[in-house]
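Just passing along the structure, written as structure tokens.
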Amino acid sequence: MAAIEAPDVPVARLSSTGRVEAFSDGVMAIAITLLVLDLKVPTPDQVDAAHGLIQALAERWTSYLAYLTAFLTIGIVWLNHRAFIDKVRGFDGKMLWLNILLLLGIATLPFPTAILAEYVGVGGAVASAAAVVYGSLSVVTAAPWVLMWLHLTRHPELLEPEYGVAYARKERKRALIGPVIYLLAIPIAAVAPLVALFFYIGIGVLYAVTNQGVDVSRVKS
Amino acid sequence: MAAIEAPDVPVARLSSTGRVEAFSDGVMAIAITLLVLDLKVPTPDQVDAAHGLIQALAERWTSYLAYLTAFLTIGIVWLNHRAFIDKVRGFDGKMLWLNILLLLGIATLPFPTAILAEYVGVGGAVASAAAVVYGSLSVVTAAPWVLMWLHLTRHPELLEPEYGVAYARKERKRALIGPVIYLLAIPIAAVAPLVALFFYIGIGVLYAVTNQGVDVSRVKS
Amino acid sequence: MAAIEAPDVPVARLSSTGRVEAFSDGVMAIAITLLVLDLKVPTPDQVDAAHGLIQALAERWTSYLAYLTAFLTIGIVWLNHRAFIDKVRGFDGKMLWLNILLLLGIATLPFPTAILAEYVGVGGAVASAAAVVYGSLSVVTAAPWVLMWLHLTRHPELLEPEYGVAYARKERKRALIGPVIYLLAIPIAAVAPLVALFFYIGIGVLYAVTNQGVDVSRVKS
Amino acid sequence: MAAIEAPDVPVARLSSTGRVEAFSDGVMAIAITLLVLDLKVPTPDQVDAAHGLIQALAERWTSYLAYLTAFLTIGIVWLNHRAFIDKVRGFDGKMLWLNILLLLGIATLPFPTAILAEYVGVGGAVASAAAVVYGSLSVVTAAPWVLMWLHLTRHPELLEPEYGVAYARKERKRALIGPVIYLLAIPIAAVAPLVALFFYIGIGVLYAVTNQGVDVSRVKS
């Protein structure tokens, strides 16, 4: 809130990344753990109707798929965020707000996941609608990355010294892949909701496989 | 609890800010993420009644507005807290308690937000009451800042060396803006609850726009 | 799990306190923030029955008292834990388990608080039972401090160099005050549940007033 | 996401463990604290039927046992994770994913715990099924440790200098104990669900007793 008396050293114009990391990690850790509340314990009535607890649980397999999808999504965002912060030297006001926008998307994800867990197993128009809602929020969640890298192409001084404008431009292009993939998945979600879920999980697995060993960052302090 | 044998160095009379930061960040990160639990998945009955899931979700748009309002509010408090801690060298007992008072307000915010999400869309006296309750707690949440800066004007030794009594006085005045704005919003909330929500979101956006780049703090460690 | 090849330096036999702090702070921050879920939004039926939302909310004032009590309790535990860790140089296996026992008490507190919030306003035997349950868990929550200081009197090498056996003995005695006060409150809870709540809040306020300025710890790093 | 321009120093090929620690601690702290939501406040009907609140609470003793079991399990995982990280110098992509797999198990644990708390007191086939479901997820939760140590036997450069291939092989064998014990408990769970719960708690207590003092790690920083 305060327009602080600016110190002379220009480097102090940048905020430290430490607390941004801590707060972001906190929000992501909580969002990923809150997902479990979307898994509903079958009621005694449901257990009786399904001829047993195991069967009642098995019938809700699509909700576990929704859970797994969202878990992988937030897991990937965390990995990205971690790699991202390592390249950033400081956050200015706009970057802080873009980061809060990113966290808004992640913190909201348990809601469409709950919708998905509740309705994707029902089939028909309701299942399609649930998958489209989930897919649309995924696009929104992936968008702030593009805006952040766009901001960094204009303010390369916010990057660590080893990264420059050229790098930021390359990353901005890369960041576009996320929203585009999620956008492409929306028609799939509308037609075949369960296929869309497997598609989302596939992105996660693919990401895991292709990024093995390329994760490079600071050494243990 | 313990009256500790005071070491000789006077600086050690001040507690470190690190764990206050960690605990406060934790509470704020959890409160901001718990807000999502206020977004309710429509029941199958509601979906049928609304002729489809999308429509059933769309009908609850005021609850998303309430969610967004509270998210932005906690986001701003976090940014403020972050900038605040950067200026504080240490916490004495009273500051620790004022900080816990601040966290009490933030941690409680999901409750009036849930009330707002449930009732602001209903319209009439109930919607007004919900908005007034939310607005009143916002005043309470903004008040500890005034008390903290008041305490710092009396104990400028708790501030980092570059800030003095004059700075603390200036900030105390600035801190008053928050509760006053939220107080002014209460009559709006009573008359036009939805307008009050847009007003709260407007504060967030205005804050985001006017604070771009003025956020100055320590460099990445 | 692993019996690690002990390095030669005896100091390395002690575990670092950093992660114990982080995990404990996390659990306490979450427990204190989860308390808000015990505040229930009145249902439309309850609002109608109470002739309005404000009145429906006002009727549940005892649940806010229960919330405040538990919030202050966890707040105090956090302050104690913070001051405690500052005096501890390292955790051995037993101390780690005593700390997990302490966290078990804190993490469980939202449950008796929910019972209290639900039933203390009902009055009669049910309200008394709710207050006694809450009070009993408070005793359990305060007990691990005694065990931790008892362990430290036997292993003063776990303390920071400036504290010795004599200090640990003094603290062990002081730590007894907590469980004893909570134990004394149980008969009050049985007879006059609401008085017990004010008593618990009174402990918090008293603690806040008497500890002003005596909080001494490490300087900002 | 980004294939980063690799710096020349090979050590920088490893990611820092700090943020993995923070995120993992966050997920574990949240999961362990969310367990309390599985403890249900008796409804007024249940209180009446049980002739009092205390009796209504007492009748749900098996749910407290389930809570305690899961709390101890996550507590042990946290202690293991803490000791594990101390031996790891850096995380490569595969290790990061194995860690996310581990967190998936822990974050999901409140779900089978809720099933257990709901149904283990019912007795009969439903109670057996609940205990088997809980036991099966415990196996899954314990498995990533084996995979992580397997990976470390192939990439000993990820370990701190004092640990080598031989150590990783020894730990890989040790890590197998966990899943095997949990696997052996499944038949017990099927036959005598409550005995299985005591068995799980017994593992925790045994672990606590045998690991006293062998926890060796870095000194307080």
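In order of appearance the chains are A, B, C and D, and numbering begins at 1 in each one.
We adopt the following convention: a contact is a pair of C-beta atoms (placed from the backbone, for glycine too) under 8 Å apart; a residue touches a chain by one contact, two chains touch by 3 or more.
Values in this document were obtained by computation on a predicted structure and should not be read as measured data.
Enquirer: What are the chains that subunit B and subunit C both touch?
Expert: Expected: no chain.
Enquirer: Since subunit C and subunit D are copies that touch, just let me know if over half of their interface numbering is common to both, same, or not, different.
Expert: Comparing the two copies, subunit C and subunit D contact each other through largely different residue numbers, since under half are shared.
Enquirer: On a C-alpha centroid basis, what's the spacing between subunit B and subunit D, in Å?
Expert: Going by mean C-alpha positions, subunit B sits 34 Å from subunit D.
Enquirer: Please work out the Cα centroid separation of subunit A and subunit D, and write it as a whole number of Å.
Expert: It comes to 24 Å between the two C-alpha centres.
Enquirer: In subunit B, what residues contact two or more other chains?
Expert: Subunit B, residues with two or more chain partners: 22, 26, 30, 34, 37.
Enquirer: Which stretch or stretches of subunit B touch subunit C in the complex?
Expert: Touching subunit C from subunit B are residues 1-7, 11-19, 22-23, 26-27, 30-31, 34, 37, 89-94, 96-97, 100, 103-104, 107-108, 110-111, 114-115, 118-119, 125-126, 129-130, 132-133.
Enquirer: Name, in rising order, each residue of subunit C that touches subunit B in their complex.
Expert: Against subunit B, subunit C makes touches at 21-22, 25-26, 28-30, 32-37, 39, 41, 47, 52-54, 57, 67-68, 71, 75, 78-80, 82-83, 85, 87, 162, 167, 171, 174, 207-208, 211-221.
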